[in-house]
Structures are given as structure tokens and as C-alpha cells.
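Shared between the two complexes below is subunit A, which pairs with subunit B and subunit C, respectively.
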Partner chain A sequence: MKADPASPAGSAPLSQQRPLGDRGFQILALASGLLVLVILVLIAVSTSQQAASWFSTEGLKIFTNNWDPATNHFGVLGFIYGTALTALIAVILAVPVSVGIALLLTEVVPYRWSRPIVYVVDLLAVVPSVVWGLWGILVFVPWIQHIYASVGSGVNGVPVLGALFGPPTSGASFLTAGIILAFMITPIVTSLSREVIATVPQIDREGAYALGATRWEMITGAVWPHSQGGVVGAVLLGLGRAMGETIAAALVIGSAVNVITTHLTVPGYNMPAVIANQFGEASGTFRAGLMGLGVLLFVFTIIINVLARGIVERSARRKRGA
Partner chain B sequence: MRLRYRKQAATAGVAVVALTFALGACSSSGTSAPSGGSTDTGTATSGGGGSSNLSGTLNGSGSSFQLSFQQAAIQSFKSVQSGMTVNYGGGGSGKGRTDLAAGTVNFAGSDSTIPEKEAANFKGKTVLYFPVVIGPITLSYNLSGVSNLKLDPTVIADIFDGKITTWNDPAIKAINSGVNLPSTPVKLAVRSDSSGTTANFSNFLVMSAGSAWSLGTSSTINWPKTAQAGNGNGGVAQIVKSTPGAIGYVDYADAKASGLSFASVKNQAGSFIAPSIDAATAACQNATVKPDVTFSCLWTPGAQSYPITYQSWDLVFQSQSSSNTAAMLKAYIGYLLGDGQKLLPTLNYAPLPSNIQQMAQAQLSKIGS
Partner chain C sequence: MTAVAAPRQAPDLREAKGWRRSKNRIMTILMVAAFVITLIPLGFVLFTVIAKGASIISWQFLTGSPIPPNVLPAGIGGMWPAVLGTLLITGLATLMAVPLGVLGAIYLNEYGGRGWLAALIGFMSDVMTGVPSIVMGLFIFSIWVLHFGYSGLAGAFALGCLMLPIVIRSSYEMLRLVPDPLREASYALGATKSRVTLTVVLPAALGGIVSGALLAIARAAGETAPLLFTILVVSTPNANVFSGPNTSLPSQIFSNATQPYVGAQDRGWGAALTLIAICFILMIAARIVTARFTRYSR
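And then the complex of A and B:
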């Protein structure tokens, strides 16, 4: 927090000695910043352009649950549902664990022990997407399909559980993709939550203890109100990442089109996976439709990210006011 | 504000990646079609690939069915033209045709002719078709104790659209008299990626099964929800191998490599033929070949024809931008059509029948600059 105001004071004497270098740096920084914007806009324009024939030939039918290239139907509702479902599963599984780790690191273990734990959690983020996918399809799916099958027969007929986990079950499914995505977003949600929680003033914690609070009461009374906005932002950033994750999802989601169901253990599809799988042999409206899926995904992730930033910033402002 | 730094770092990362792609695309298009490699050292004559000292780079992409043949051919082609570098990236037939139309490659591998919807991309330029490889698509299955399964098109259609659900179904029994079929449920293994194999297999069902097949033909099919999907021929083979009761359509080379058992399929003449290299060549021998050397080996007449045989072409623009590129294309494709064909049986693909081979070779001289 203190880094920002400190920099102008430090650079003032430098600019008097080397105005040229400073100017050069300014131009470089500005150009790099603009370059990012320009590239983003160009990507958006060119993908929309390539998707135009899909939007124009299908019209509002793009939001039906009917994707069948063999009969020229390109409705993508099933993929949108799959994206939302897998991202939601990932967030539900990853957030309690991530926040738990963050609290462990900031509130429970001493600093010198927290660093190795941070390294290990960050290592999860280094594992490439395709490795998660291959591990998923070769190790995780064969192992968990038996669990799905026995749980499925166990809950068959039970009102809510039967609708979620009942048969037929398959190892490659929405739930498997959600679990793999949960592994993948845990590091980012953890490290963002940890940073937010670390900004809680020490004096608030000590105040809570002074009033006789236990550690749990201190966390719920002093830490949580102060950091919940930031944690929600971290969760949304994780959600955005889970929505866009491609190869891992493509390998374990089961690749079944037009699936909208309450069953979590059946094969399905999400938006990035269908693009990755079907693009190679696509042509005409089929290709435009896949491009259009990319545009929709782009729009969705931008919305989620803007939302997340807004929430994080609002909570930061509130903290400054407090 | 550490959060903000993190976000900026991430955005910068995106920019770097995007820039890398942009530059990569520029440099690859720069080195390929227009310049045609280094200066014209080649003598640029005679279409047979006989000229000895060509140099430069040829780039191709497309059909993954061709990939292992192209890799093997590129290796052995080095002893014919040591100064030439040939690259073949897979990526699928659709990608190959897009790359060719965009001028990023010199030739494209494609399992089908150019669809009408894509014709406009080629801006009226003449594209030559050179068939280079053919191969059977097997119906591989996993049933212990059943070694010689027979299937006909209607039964295959009913299996793959989910009407037949157990292996001892009367329709399967009727054509497999004397075989002890178990009551195991049928488990479908299909492709998760879009594929020329899927397009040809479904096209075979459209041609042969008539009204029994309702799912149409495309590089992607909406299979019954119970189907398990694998990536590539290898992925489907893996599912068949590990799932008792499974059946899937797998390229012959991959089925052999995975040691799968495959069914004999009833052909147009009414005989049950097992997939093999000879049966594939026989199927194409009986195909109707158009003057531009396009044809379909699916469901052809002839008692020895394996009915699910497909083919792949290399697509080349008739008019090349430089005489060196034209000479290199003649040399390499001439090699694929000539000595390269001898590599095919070792890779479990089938060589072209001689009538098609000669037509394709005669067409080489059309490549010009």
C-alpha cells in the first residue's frame, strides 16, 4: 500500500539528472500499455468478424440447446450451461479450501512456516493445463469412475442426491472437470485471499483479543468483515479462470453435446473444450459458430473480471475510509 | 495495491503471448509461399522429381490421417533431395485447407475435397488434388471369446445410434451364426475431436444403411449420450481396449498398433470382408475416379472391397509464385506418389491402386509458376 506514494518522491532527483532516460521510459511504458489495449481490441474485432456469419444465419437460435453440425444446427446453450456448471463446481470446491489455507497462513502458523506452504500451493499453479488433463484422463478418471458408480447406485431414488449423482454415471463428466478445475484455481484464489487477509490491521486483531474473543471469534469479528470484499473478488477471478480453462477440461469433460441436466456425473461439454476439440475439421457456419463461442466466452470472462475488480476496489476504498 | 500489479502482470503476459503469435504467423508466412526458400538453385525442370539439386523449404499442414506417412516420407525423402526441407504439421484437414487458402503453407493434407462453403476462400485459383494415401477404418471391438465378428451396414447403424444395446441382440446373432455372443451391454467409443475419420465413417453409413441411419454425416456427430469419447484414433483405441463390450471406429494403423480385434464388414457385393491393406486398395480400384483425381473409396463395388475405406489428398495450387517452389512441389509430391508408396504397407496404410497412381502422376506436370 505504501509503495505507490513513495515512487514520485524517489524519481524527482533522477529526472533532473537523466531527463532523456525518464522520457524514454515513459514512452516505453505508455506504448506497452496501449499495445495491450490495441491487441485486445483487434482480437475482439477479428473474432467477431469471423463469427459474423454464425450470428446472422442463426439469429437468436444460437441460444437454443441444439448443436449438430451434421444437420447445420449451431445452438450453444448446452455449452454455456456446461461452462457455468463446471466453473460453479470448481468454485464451490476450491473456495473453502483456498480460504482455509489463506487463514492458516495468516492467522495460525508462524511466518517462517507459512513460506514453505505458500511455495507448495504456488507449485500447483505451475503445473501446465495439459498435464492436469492427462493426469485427469489417465489416473483420476479410471479411479473415480468406480466411486461415481457406487455412489450413484446408493443414492438412486433419493430426492435431491439422486438427481445430482444418480445413474447413469461416467468417469469423464461435468463433476470430474469441475474437480480438476478446482485444483487449478486453488492457487490463485489462495494467494489473492491471503494477500487480502494480510491487509487486516494488526490492531484490529489485537482489539478483538482484548475484548476476550477466541481465535475463531477474532476471525469472524475482525478479519472477515475487513476482507470479505477482497475474498469475493478473488473468488470471481478464480471463476473467470475456471471458465476459460481449455485443455484440461477438454480431456476430462466427456465431450457430449447438448447436455443440460441436473446430473453431475454424466459426460457434457463446456465452451472452451468444444472449440478446442472441433475446430480442426470445421468449415463454413460450423467454423463461424466455434468462433462465436470464443467471442461469447471472451465477453463472459470480461464481465466476470470487471465485476471482480469492482468488488475488490470497492472493498479497498471502504477499508481506507474505515 | 499488490493486487493491481498482479493483474497488470497477467495482462502483460497476454500481450506477450499475442505478440509472439502475431510474429510467428508473419515469419512463417514470410518463409513459405512467396519466397520459396533461398534463391533458385534448382534447375526447375522435369516433373518426375529427378532433378538432383533443389534447395529450399516446403511447408504443409492438415490431415492427421496423413501425419505418420508424411513423417516417414520426409525422413526418407532426405536421401533423394538433401537440400530440401519439408515440414508437415497436422492439425486437421480443415486447418490445412484454411492454411493453404491463406498462403501460409505450400500444400495441404485433406481427407475430403474442398466443401462448397469453403470454395470462395480460394479466390478462384485452381487447386490440384493429389491422392497420396488410403486406408481402412476398422470397427474395433472388445469381446472376450469372439474373434471373428461380422457386421453389416444396418447393424452398424443400429449399434451407433443406440438402437442395439446388447451384444446378443437378434440382429447381430442373425449374421453371426455359430458365434457365442455374450449379453454384455454395447458401449460406444467415438471421437471427441472433429475428424475426417468421423466424416468418412458417417458418410459410409449414409451411403450404405439408408433410412436406418438418422444421424447424418459430418466431422462431428451427435452420438448417443452413452458414448464414450476419446481424442484422436489413439484415444478411441484406448477406450475400446480398456472397456469390455466396447466398439469403436478406429483407423486401421491405430487399431493394429493397439492390438485390437476388428469386425468383417459386409460390402456392396454382399461378402463379409475384413479390413486389410489389400482390401483397401481393392476398394479404391473400383472407385469412380473423376478427371481431377477426386474419388471416394467408400462403399464401392467388387467382391474383395472393404467398404469403409477412405483416402487423403495433398492439395496444391496449380499456379505457384516461383519456379523453385513449383519444382520442389513436383519433386516431393512425385516422391509421395512414387517410391513413397512403398512406405505405406509398413505403416499399415494402403498404397494407391495403379490406375489412380498413374492419373495422379500424370497431373504433376500441371504444377507451374
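And then the complex of A and C:
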């Protein structure tokens, strides 16, 4: 490559004076960047194509609670409900803990302590999904089913609690899947909340302290109003993760189809788990239906992620500018 | 929004007392409790995997072959087909995703600038990290497996798709930290943009890029869902990653987890310990690279 004295720093226009290798490299880099968009479009197109026969034969019946491959019924409402329910449980359990750790890291502990804490929380993310599943089905489920059983008999007949935790109870259930998913999304919600909270200007904190606020009053008065929006984004991203998490859920959710109930401690199914467990034996409309579930899952998670990233980015930019 | 609403009493320079102080204490304790709560499942999982896996793992377990049928007890055969599959498939995925991801990050930071296309690609790459791994598996199944059959290569494609946005994000963050005067100095010497990028900017950011890539590899090595419909499962080693079904450690754990046989479960724990060890080694390597070779950090 020969040096090009005519190109000023950074802003060289694509002129003939630039050596071929230089332009070639730029095109290569651009192509790699575009690859992301190409893959996303290809995912949407190819999976929709494979699912087309499901959409066309079932029509609006795809949104009924009737999944029965033996009689060629492929309504997926139950799986959508299971996905929403488990993801919601995971978020409700994980968010207070994650925000608590994020506040601990940014507002309480000194910097040299915060790094080991970050490492430990990140370890939760290093444990592979399938290992959570293995531990879940062989250790956690047998252990927690006794708790479910005793809590269930205790709250039987109590208005709201009875409807949520009452018998019949089973170790492998929506609630178990939600708990395991909560462990898995804690690191990402923590790290994103921490990033958002770190953008709060130091001067706001000092102002609150100067007025005589305690640390907690400083957090609710100065940190929280600033980082609220971003934390909502982080929570949405956690929700998206929990919706798409496959293998751990597939092992502990209990694998029961067409379950829509207020009971949290009964076996059910979510969308990724049913794809993972049934795809191998599927063909024809059955396979198309599972592909269609994949398409729906893709659409749901894309919508949630676009929303969440938008919120996180906007709040981060506004705070930095302020 | 920025108004401080909390102290309702008149400003008081003495230390907070009574309920205000107790509330502050309680909330601080709750924050510490939040951290302790996450330690419980983590410790529980690691303890179980190490306790159950350590008695299974041996040289023979790691290098023996074939993987025996579920009913047989542990100690016969070994996990070599799965270890080999994991190494080959993850390695191939790395070869695809890391160069492309770094190039994509170079586009975002060095060429795209503040343009709309770079903003769109950066945003969609972040969104792509949220695409469920099982959808990647279905995607590769429909564009590759249906036409060319199951193979390690198909699995590597699926893992590569998962790794790509992670590598782009981490490399982009690292490239952004390289100070502009470094670039300007090289331009002043008459270097072309590609040359500046490849010989000045990239080496300056290399430590961070390598450590980000290692974390992406650790993530991909533990993924099961994208491999379910792309490589299937076999019990004998398949060194030809380009054709024929293959297997991997996560796939073996998944298929053994639901077996009622003690031998199968033991093999599951052994494979889980092996997999966790691989992921931890990658993570520790990433930390070492970060600590020793990163020139610029936040």
C-alpha cells in the first residue's frame, strides 16, 4: 500500500487517488457491518417461508389454545401465555435484586470492592443455560416441590394466594422456570442498570448530600429520577432475554401443552421450550407450526429489544447531554 | 426532574437521626442482601456440578469413545465425541464471527462515523444480541440444513450468528477508546486509512478486542439451542466438521438430563463440569488479557 498525501485525516472522499487496497478494505468493513442487517432480514424471511403453510392452513386459529399434533390442531395461545407468565415471574424476581446490586455497586461500596462483586454477578451469566437446566431438573425441582406442596396446602382456599399457589402442585412448573430464568437474567439487568445509574451527574448527588439527605434519600431524590427511564429499558431487555431462554426452561417447565391457568405451580410450556422439545419429531404442518412459533418469538423479542434499546439509548444520551 | 424532593424537614447539618437513619440503614442492608441472594444459587450450582462431576471426570471420560447408551453406567466409553465436537464447532464459529465482527466494528467506528447507516447497524446489532438462540437454530435449519443436511458447519453458522453482534459491540467499545491523536499522527506521516486502522488503531485496541472475543466464545460454547436442529447428536467422534451429524457437550448434557438412568445422569454431570471448566478458563483468560494487554480503558 502506498501512502496517499492527498487524503486528509479521517474524511477522505472516495477518489481515484486512493489505492485499491484502501478502498477494498473500506468495502470489506462496510460489508461486514451490513451483514448484521442481512442476517436479521434473512431470519425473518426464511423462517416465515418455512412457517407459511401453518399460517395459511390454520388462519386465525393459530391464536387458540389448542395444540394437538395428533389431530392436526396447532393453536399456540397456551405457549404464548406460558412465555409471558414465566418471563414476568423472572422479571418480578430479578429486577429488585438487580437494581439493588446496581445501587450497591454505584452508591455504596468503594471502587476496589465493586470489581469483585461485578465478577461474581457475571459468573451467573457464564454458567451455561443447559447447566442451569441440568441442575434445575435434578436438584432444584426435587428440592422445591416439597416447599410448593406445603405452601400449596397452606394457602388452599385463601382467595388470591390459593389461586396462585394452591394444589395441585408440581416441582417442574411455570414458577420453577421463572425462578431459574430470574437467576439467568440477573447479570444483564444488573450491568445495564449500573451503566444507566453511572450516568447520573456527580453534582446531583453532592447537591442532595449538601441538603442533608441520607444516602437513601439521595438515591430516591437524585439518582432515581435521573435513571428511571434507563432502568425501565434494562428491565425490558431482561424480559426479552427471559422470553427467549430455551434450554433451561425446556428442562424445568414440565412440558404440558395447552395450559392456561392462574396456578403458577403446575407444569406448562413456553414457546422456545416447545420448539426445542418437539422439533425433532415434527414434519409437515407440525414443523411449520413450530417454525411459526419461532417467527412469533422472533417478532416479540425484536419488538421488545427495539423498545428497550431505544429507551436505554435515549435516556443515556439525554443524561450525558444534560 | 433533577429537583431533590427527598428531605422534607428543614435542612439540618447534624447527622440524620431516628426513622431517617434507620430507613437508610435498612435500605443499605437490603442492597447487600440482594447481592447475597445471588450468591446462593450460584454457589449451589457450582457446588453441585463440582461435587457430582469431579468423581466422573477422568482422562478416560474426556478422551474415551464412543459415548455409551444411556442405560450403561459411567466409566465405559467417554465424552471424546462431544469434546471434539464442541472444540471444532466453536472454533469454526470463532473463525467466522470474530474477523467479521471486528471488521463490522471497524466500519462502525472508523468509517461510519455519525452517519445514519452506522447508527442503524449499531442499533440493530444490539437488537440482534436479543434474538433468542433457538431462533438462530431454526434460521440455519431453514436456509442451510434443509438443503445441505446436518453438519458441524451448520452448527458453527448458528453459533457464529450468535457471536457476531457480541463481538461487534465489544470491539466497537474498544476501538472508540483509541485516542484520535494516534490516528492523526499516522495520517500526518502519510498513511492511508486502511493502513492506519490495521497497523495503529487495531493493535492499540487488541487487548480489549481479544478479551471481548473470548467472552463471546465462552457464551457460544455453552449454547445448546442453536445446535439442536443443526448438528443432531451422534455417539462416535466426527472429525469432519463439514459433513455428517456431530455432537457437543451441551447437546449431551441436554439429552442426558431427562434420562432416568444413573449412568446417563452421571455423564451429564461430568459433561457439565467439563463445559463449565471450558467457559471459566475462557473467562479467566479474558480477564488476564484485559489486565495485561489493554492499553485504554474506561
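One rule holds for everything that comes next: the second predicted complex is superposed on the first by the 290 of 322 C-alpha atoms of A that agree within 3 Å, B and C clash if a C-alpha of one lies under 4 Å from a C-alpha of the other, contacts with A are read in each partner's own complex, and residues count from 1 in each chain.
Basically, a residue touches a chain if its C-beta (ideal position, glycine included) is under 8 Å from a C-beta of that chain, and two chains touch if they have at least 3 such contacts.
Keep in mind that this is a model prediction, so the values were computed, not measured.
*Asks:* Does the superposition put A:Ser170 against subunit B (first), subunit C (second), both, or neither?
*Replies:* first
*Asks:* Tell me which partner A:Arg215 touches in the superposition: subunit B (first), subunit C (second), both or neither.
*Replies:* In the superposition, A:Arg215 contacts subunit C only.
*Asks:* Check whether subunit B or subunit C contacts more residues of subunit A in the superposed model.
*Replies:* C
*Asks:* Of the two partner chains, subunit B (first) and subunit C (second), which one does A:Leu103 touch, if any: first, second, both, or neither?
*Replies:* So A:Leu103 only meets subunit C here.
*Asks:* Of the partners subunit B and subunit C, which touch A:Pro267 in the superposed model: first, second, both, neither?
*Replies:* first
*Asks:* Which partner does A:Val36 reach: the first (subunit B), the second (subunit C), both, or neither?
*Replies:* Both partners, subunit B and subunit C.
*Asks:* Under the stated touch criterion, which partner chain does A:Gly280 make contact with: subunit B (first), subunit C (second), both, or neither?
*Replies:* A:Gly280: touches subunit B and subunit C.
*Asks:* I'd like to know which partner A:Gln202 touches here: subunit B for first, subunit C for second, both or neither.
*Replies:* Neither subunit B nor subunit C is touched by A:Gln202.
*Asks:* Just checking: does A:Leu251 make contact with subunit B only, subunit C only, both, or neither of them? Give me first, second, both or neither.
*Replies:* both
*Asks:* Return first, second, both or neither, reflecting whether A:Arg309 touches subunit B, subunit C, both chains, or no partner chain.
*Replies:* A:Arg309 contacts both subunit B and subunit C.
*Asks:* Common interface residues of subunit A with subunit B and subunit C?
*Replies:* Overlap of subunit B and subunit C footprints on subunit A: residues 1, 3-4, 32, 35-36, 39-40, 43, 250-251, 279-280, 309.
*Asks:* Considering only the defined contacts, which subunit A positions touch subunit B in the complex?
*Replies:* The touching residues are 1, 3-4, 32, 35-36, 39-40, 43, 67-71, 142, 168, 170, 172, 192, 195-196, 230, 233, 250-251, 254-259, 266-267, 277-287, 309, 312.
*Asks:* State the interface residues of subunit B toward subunit A in the complex, per the touch definition above.
*Replies:* 1-3, 6-7, 11-12, 14-15, 18-19, 64, 91-95, 97, 115, 117-118, 192-196, 198-199, 202, 215-223, 225-229, 231, 242
*Asks:* Provide the residue numbers of subunit C that touch subunit A in the complex, in ascending order.
*Replies:* Per the touch definition, subunit C meets subunit A at residues 1-7, 11-13, 16, 20-21, 23-24, 27-28, 30-35, 37-39, 41-42, 44-46, 48-49, 100-101, 103-104, 106-108, 110-112, 117-118, 120-121, 123-136, 138-139, 142-143, 146, 161, 164-165, 168, 183-184, 187-195, 197-198, 218, 221-225, 228-229, 250, 253-254, 256-258, 265, 268-269, 272, 275-276, 279-280, 283, 287.
*Asks:* Write out the stretch or stretches of subunit A touching subunit C in their complex.
*Replies:* So the residues of subunit A in touch with subunit C come to 1-5, 7-10, 12, 18-19, 21-22, 24-26, 28-37, 39-40, 42-43, 46-47, 49-50, 96-101, 103-104, 108, 117, 119-124, 126-135, 137-139, 183, 186, 204, 207-208, 211-222, 225-226, 237, 240-241, 243-247, 250-251, 272, 275-276, 279-280, 290-291, 294, 297-298, 301-302, 304-306, 308-309, 313, 322.
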